[in-house]
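Taking it in order: structure first as structure tokens, then the write-up.
Residue numbering begins at 1 within each chain, and the chains themselves are lettered A, B and C in the order written.
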Amino acid sequence: MIQQQCLIQRLSDFKHHRRLAALALVLSLALVAACTDERQTGITTGNNANTSGAANEVTIYVSTDRVFSEPILRAYEQKTGVRVNAVYDTEETKSTGLANKLLAEKNRPQADVFWSNEPIRTLVLKKNVVLTPYDSPNAEGIPATFQDPENYWTGFSARSRVIVYNTNLVKPEDAPKSIFDLTDPKLKGQVAIADPRFGSSSFHVAALYAAIGDERADEFFRKLKANDVKIVPGNSVVRDMVARGEVKVGLTDTDDVNVALEDSQPVAMVFPDREGIGVPVMPNMVSLIANAPHPEAGKRLIDYLLSPEVERMLAQSEAVQIPLHAGVEGPKNIPPLASFKPMTLDYGKAADRLEDVSRRLQPILGL
Amino acid sequence: MLRLPSALPSARAITLGVAVALFLLLCVLPIIYMLGVSFVGGDGSFSVGNYRQLLIDARQRELLLTSTLLGAGTALLATSVGAPLGLLLARTRLPLKRMLRIAFIIPLVVPPYVSALAWILMTGSTGFVASWLGCDLLSAWTYSLTGAIIVLGTSFFPLSMLATEAAAWRVNGRLEEAGLLVASPGRVLWRITLPLIAPTVAAAALIIFVLALAEFGVPGLLRVRVFTTEVFTAFSALYDFGAATALAVPLLAVALIVGILAKLITGERLLATRRNLYPGLVLRLGRWRAVVLCFFTIILAASVILPLSALAIEAGQLERIIFALGTSGDAIFNGLYLSTIGATLTCALAVLLGYGRARSGARLRGLVDLLLIVIFAVPSTVVGVGLIGLWNRPGLLGAIYTSQTIIVVAYLARFVPVAALMLAASVRQIPVSVEEAAEVGGANWWRTFTRIVLPQMRTGLAAVWVVSFIFCFGELGATLLVAPPGESTLPVRVYTIIANTPPSEVAALALLQVGIILIPLALLGFFTGGERGVR
Amino acid sequence: MKGEAFVRLARVTKRYGARTVVDAVSLDIAEGEIVALLGASGCGKTTLLRLIAGLETPDAGEIWIAGERVAADGRNISPPRARGIGFVFQDLALWSHLTVAGNLDFVLSSIGIPKRARKMRIEEALQMGRIEKFADTYPHRMSGGEQQRAAIARALVSHPRLLLLDEPLSSLDADLKANLLAELATMQKALNGTTVHVTHDREEAAAFADRVVMMREGKIERVETVDRTRFANT
């Protein structure tokens, strides 16, 4: 109080230096703000490694879109009373993602759990010894394809790469059924894909190279380039370009298309290559961080995320994710897992190709 | 009588020493750390492998050329718009000048990525222009290097404007009056005023060059391939910190070369100027008034009204914005108070560095300038990863790392160099004699500094504070990496939300972000934008 | 006093807000005459000088230079550049981005002297100020006294009809000042130039001027004619 009075005194001294007075005012506001923050951090410093004994909180890094993942984590807080400290990711092409944070923090991990929205990053982290095995009891019932034999990760609720098209410009019967249809000269300049070095797009191309071999894959991308493919930052940009009609078709993710459908945009999706090489299915993956500050709390959170209950919530949300547990009802408009052949059977093998494929594609696509 | 040299270091030496130490710790050390990482090979031993690959293929050289062109084009465009605006604001009688100044700062507040989105909404192949004309004339031009230059140029010109205006205020009015005694106002403007402020304008252009060079969001969206994406790819696709840092080195080299060129062109001019109450040269617009108003309208339309309207149309109903506002309370609060602290500390440290720089020898000063610009050119991701490596340790450092203080540390690491560069011109213009006079009069150095030196540079300081505040508030690259769990700043919230939301919500959030940062700026502008002098 | 006045001030008034800085001052200055305006700081002497130069606009009264009415009815009729004035500012106001020769050249090119003639005029002015060797030097590399000479050379290079000095020598020590003033007086007499010299130093005023005008609170308090013969030998 006295300090504030002093401040007021000082301020009136400065009357003829209004500029300085304003600066001082802002400064004092900052100080006040900093003081109020003191209380907040009093609580949040609990995420410090020193207090690992207190198991009533858990830290999770999430690359699944915040709009979908936040409600799931809030529900967990409500249910268990455990405080969930979450760090969310941005779309990969807009900033460097959380995987880098986890890698940089490797020597003194701050996170307990990593929830990834696609397989590649989890496998990169596994290779870099950021993860530790955990075999959750709730993994039972999830097909073996979506589980790491070494238990470093477990897949749940899957998305798929899909072909999105503009319903005003393309008739359903003319829509491409396979990604190889995208090289059709009829679609010259009318195809958009997200930068294949990032995010789920990078998974798709790595899986493709693993599935059909380097020569055929190179050939496919050369043809795609010759067809004047538009390479854009991010799957949401692909969807928006298709929705606006800037291009007729694009490659993106199920949840991206669904957001546009909910927004009544003129788009529809095709699950590509149901016949042939298979549909590029991408499970969410959850892993325990090695030397996590709260390993037990982390395991409980993983158990929760792998439960049929979470799969149901993700299926019914706008994320429209395909449940991997048998018996959980899937989202409307999305074919069930059993109805098609997934393209990838070994995610580790696909992920191993990531770096090599990225370098290969740069000259081919002129990136 | 001679005073005996004291055994203890002077207050000045201690203060400057602490400032330099902080600068090294906060800004330089993370970069050195990352450079160290880049020299470690796969087996953990010393290796130059990361550097052997640099620029050997034509593709990378072409990307670097595109990046350089993008930087140069943006700097040129921003300066040719911003410098005349700054001069007009400083030297003409105009109605609503305060409002105009704030309006012209808006483009700097809109994240460049969002500006690019707004331009695509307007001039993309299905944008407003195309649907209005019924045919697409502008999209080829939007998705091009030219388009990227226009988007970034209209985003960054306020920096040039603020720098020019502040420099124009600092010019000693007598110098212009001496010109007016023999020459017309136009000639005085071209031959006296402009050369005197040229170093400041060039410094601002250099900063804009570096900002454009560091940008990969806008070129990505407009499908222009730039070198900066390489650095980013090394992080985000290959997860190779060493390679990423090595890839940043060519960018730093470009910044260094352009910095040296700028120095050679403008030279080291000692501006024996001081701030007068009134400027010597007041431009009377006369029949040029209409031209100037036209210029203002075009700039305002192109950089503020059209993009914001495009976003507003896209955002649609107001309730979207209100909803976004309602759920972002903590993020807004965090963003505002962290940026306030960040900008204030940035300025405090930058003032001391700028002061030390101004009072050092010419050769050292030149080196310091180049060091500052090169540090500023270091990609934010490199800084962020470096900060994690340095601060995520047991004990006090770790306690800072796991609190929001680390975000302020990141702000300082990113923006102290640029603030010091911007302030350098203000400090340099305060004659040493002013301090000597105060010191001889018995005042101690600290008192002299706070009572004599700081008040003399308050215009420059205010401008730099505002710019630092805007930079801090919009910082994403490093913040995202270092922010502790829990609600972070508004841009982080916006970017973690927009990943999958429809463009309408992106537009609503972008408008919200612009609105939030404008409120304190407008208040500050009204408190501090007191019209000096144009009589 | 010779016939028609070269500079005529008629009830010249200047106000800043409510404060009247120059209060209905009338004064005639003959061609070739050196007049000192003497007074304490704040008495309005500098403002009066700036009014003559056209750097300030009078609120009332008339100013005539060489038979031409340059200011009247609360506005300047001729801009400063049309008044044929050389001005030495208190802080000298040398253009710091130009060399000494560059400073002089800007003046000459501004008043339309062709390039070849300029070179000669610059040399001549530098010689007069005895600063030839500083032609290609930037002002901040010169000593205080050298800068004063450069400023005076710049003011004289255009051969102004009227030289206005605003305490340009206030920072010099007494010896140097006396020397410079004596030189300046000789130069001005040789060119038959009219000079108005603002100072707060009575000695300096008396040493240099033909007439000393004492000002106080915006008004002329007293005018004294200096007996030049007394100083002829010093």
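Throughout what follows, a residue touches a chain if its C-beta (ideal position, glycine included) is under 8 Å from a C-beta of that chain, and two chains touch if they have at least 3 such contacts.
Since this is a predicted model, take the numbers as computed values, not measurements.
Of the two chain pairs examined here, B-C and A-B, the one linked by more C-beta pairs in contact is A-B.
With centres taken as mean CA coordinates, the chain nearest to the overall protein centre is B.
A separation of 76 Å divides the Cα centre of subunit A from that of subunit C.
Separating the centre of subunit B from that of subunit C, both taken as means of CA atoms, is a distance of 45 Å. Taking each chain's centre as the mean of its C-alpha atoms, subunit A lies 31 Å from subunit B.
On the side of subunit C, the complex with subunit B involves touching residues 53, 55, 79-81, 83, 85-87, 89-91, 93-98, 106-107, 110-111, 138-140, 154, 158.
Note for the complex: subunit B touches subunit C at residues 172, 174-175, 177-184, 187, 191-192, 195-196, 198, 269-274, 280. Considering their complex, residues 17-23, 25-27, 29-30, 33-34, 37, 41, 44-45, 47-49, 59-60, 65-68, 85-97, 99-101, 103-105, 107-108, 110-111, 124, 128, 195, 197-198, 202, 230-234, 236-237, 240, 244-246, 255-256, 259-260, 263, 265, 354-355, 358, 362-363, 366-367 of subunit A touch subunit B.
Those residues of subunit B that touch subunit A in the shared complex are 59, 113, 124-126, 139, 217, 220-221, 223, 225, 229, 232-233, 235-239, 241, 333, 336-337, 340-341, 344, 381, 384-385, 388-389, 392-394, 398-399, 402-404, 455, 458-459, 461-462, 465, 476-477, 480-481, 483-486, 492, 495-504, 520, 524, 527-528, 530.
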